[in-house]
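Take this structure first; my questions come after.
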């Protein structure tokens, strides 16, 4: 991908306009943090962008969208279902191939959760679930990441490791974050959302934490 | 947990092959209308099966069915090749299977009768004419035997219609179908129905065996004689079982003289029969509208 | 009180049932009904397990037919559920499930004869229609989010296997296991039309007054149903399903010519077969309608409405039996036993028994339907009350029942009742085979007279009547905003 232009983005919920109309220009290689109060429209914006980008983006929604009955392995493998024929996927459901097992395990190692490979997602804690969803999005190897509070349940070191991985592996990323420090540390552009409109759009280098506080 | 099972199920596969061991082709199978209690039928026809097996030198099997229509259907579908039918079921069966023949009937079947019986609490007195009983019968409850029975349904319904010029359910306050003759007897004896109609042979046999409480139930009218039960065989048995098979079956039945076996029917012996013998039954069935 | 639509609806239905009672044939016609009932109970407490050597075989066949029928039905139902969003599929499924297992058996008997396939298909076909509906409802309620996240280009089958199936697996399994229990009941009653299951021997024993033999069969049947959680294990299930086809018995070979004849000749209306043209056909149709269909429909509807209200009344009386808000453990245990027996006895068998004991009228049918369905609803409502926490100073006794519990469960009670409306009608129609003048009586008569064309027309009419009541029941549930889960 190169750059993307969005015009007239809007979303409504029960007849009430939630975001927009707003325009957004994203350059390739940018790592964007969406910040703002809860209810400002960050999640909605992420979802609207996902709809528009369908073919290109990996999404980590706030609800994570894990299949609870499936073990961690399959919840990660699901990111590459399109890479294999149906019979291959069906066999994998019963008995995974070692090639895939190793690939998924390596990825999970980086998130320090590989020991849970065969545990159903339903049995995991909130932080563990978030790491599985992160692994899934990485496994998909899409050029853009769309993530909605992907590290909200992770403790300090793990949150840093995860953000490093996400911004390192995806060429372009748009991540909604409530943690301003994290946003400034890992993203190069900060977009502040207020009442469904863009209230702030600056390079991260130009900002300090107190500048962002105004939109909260 | 769910995953494990899912995997196992996918691996095992849910659809399994249906493997039915079909009955051997050369087994000669017959059935009979279920006109009496099951245990009596099985006892009687198992005896016949053993007898025929010995005489015919092929494997013979009797299969019990739950209704008169099931007997006719099994015969029509060539799942049985021989059947002990009543007058009406025989007519129905032979109409549906080209070339099938009535080959033997009981000595008593040339002149069969239906007995009308009544619970004694009704106070109905026996009579020689049905017409004279009109006053007493009106408004009573009445049961036939099986819907497809000759002596339990066809002939009694014919005489009711013929005598009173009305359908049974306008003569009686309630009309039922007990299912078979033994049950008609029990239901009228118990007073569930006040009046009923049944095969006279069943009545006589039960009476002789001391199985009827004659203080509770009595015969109030007897129909004129008509032809009834017969053995009917499919026309294509010679092709399956060899030339002359039909004649061998006929002879075997006519020669049956085991007193115990005959007693179980109860018949004193079997005599030749033909399809034409049952023409009166066919006409009666058309007359009351249960045959097109 | 009449301001509530649920209460108004209840009273309208009550009024219809009372009007129905005035025209219905309700009577005990036997001279000694209580004596016979006593003999029956004596038979159940003195069961004779060694009467027929066929008893164990019959039990085995009952289980085998249930397993094969339900397995086949669930596979076909599953396939149908994937395309359930298409209207023709929904109509097809509504149609096949509106015809009772016994009617299907009677149809297949005419061309397959006593082949195991008759019994298997009689269960599998209507069950496939029910499975398709319930499975598709389960899929609809599954979490759509994982599916939304899949990479584009994922095949539909892969997506289904990875997102829908695992998410719905537990519900699919629970419902299928529940249906297996229903399948046992269906399988047992198929014996009444001649298949080699429990009903075959039950009918023989009852009709000969061998109450101890019949009692043994009933006791074994209850034990079989009650112990299902013990022997129907998920691990063993594939083994059961694979083994079951081998325990269906021999039956007789299928002759395919009979199948062709049935469809090309037997069920073609007689006037068309005989070339009597349109006039002949319309006369024939008019005759079927006036002399069979209309009286059949009338009796079926009257009996259904009475049985529906009787079911409701019995459910409301029965649920306190197992509710923890009343009385002690002894009453609750005996209440449980009563409700288990009431709901695991197929209504057909109950009606058959009561008809033998009380004589022919609508009364035995009403009582049988009310006992069976009231047992099911009473059980569900009773369990629901056990999740209700009452305040410590809540009134006791009758006031507790009428002021605290009844208002809280009344809506789900009505939901279950209207859900079962169509089921009660389907059963009512079939009870005609036992001699009550509902549609089943006329279907059975047509078959006994070897008039399959008439039988098919009457079965179609019965199916349409069921579909109509089903739609009406759903409309009322929607109007009153009642939600329920499927029962059988």
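Order of writing sets the chain letters: A, B and C. Residues in each chain are counted from 1.
By definition in this document, a residue touches a chain if its C-beta (ideal position, glycine included) is under 8 Å from a C-beta of that chain, and two chains touch if they have at least 3 such contacts.
Predicted model, so just to flag it, every value in this text is computed and none were measured.
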Seminar exercise, completed: centroid check, CA-based, most central chain -> C
Exercise. Measuring centre to centre with C-alpha atoms, which chain is farthest from subunit B?
Worked result: A
Problem set entry | Interface with more contacting C-beta pairs, comparing B-C to A-C | B-C
Seminar exercise, completed: Chain-centre distance (mean CA atoms) for subunit A and subunit B, in whole Å, is 79
For this session: Calculate how many whole Å lie between the centre of subunit B and the centre of subunit C, each centre taken as the average of the chain's C-alpha atoms.
Result: 31
Seminar exercise, completed: Taking each chain's mean CA coordinate, subunit A and subunit C are separated, in whole Å, by 50
Seminar exercise, completed: Each of the following residues of subunit A touches two or more other chains, namely 69-70, 74, 90, 93
For this session: Among the residues of subunit B, pick out those that touch two or more other chains and give their numbers.
Result: 2-3, 6
For this session: Name the residues of subunit C that each touch 2 or more other chains.
Result: 166, 169-170
Exercise. Which of the residues in subunit B come into contact with subunit C in the complex?
Worked result: 2-3, 5-6, 8-9, 12, 14-23, 25, 29, 37-39, 63, 65-70, 72-74, 76-80, 92, 96, 119, 121, 141, 146-148, 174, 176-177, 179-180, 182-183, 186-187, 190-193, 290-292
Exercise. Which residues, counting only subunit C, touch subunit A once they are in their complex?
Worked result: 143, 145-146, 148-155, 157-159, 161-163, 166-167, 169-170
Exercise. Which part of subunit A faces subunit C closely enough to touch in the complex?
Worked result: 54-55, 59, 61, 63, 65-70, 74, 78-86, 89-90, 93, 136, 140, 142
Exercise. Quick one: in the complex, what on subunit C touches subunit B?
Worked result: 25, 29-32, 36, 68, 71-72, 74-75, 109-111, 113-117, 120, 165-166, 169-170, 173, 192-194, 200, 203-204, 207-209, 234-235, 238, 241-242, 244-246, 248, 250-253, 255, 258, 270, 359-361, 435, 444-445, 447-451
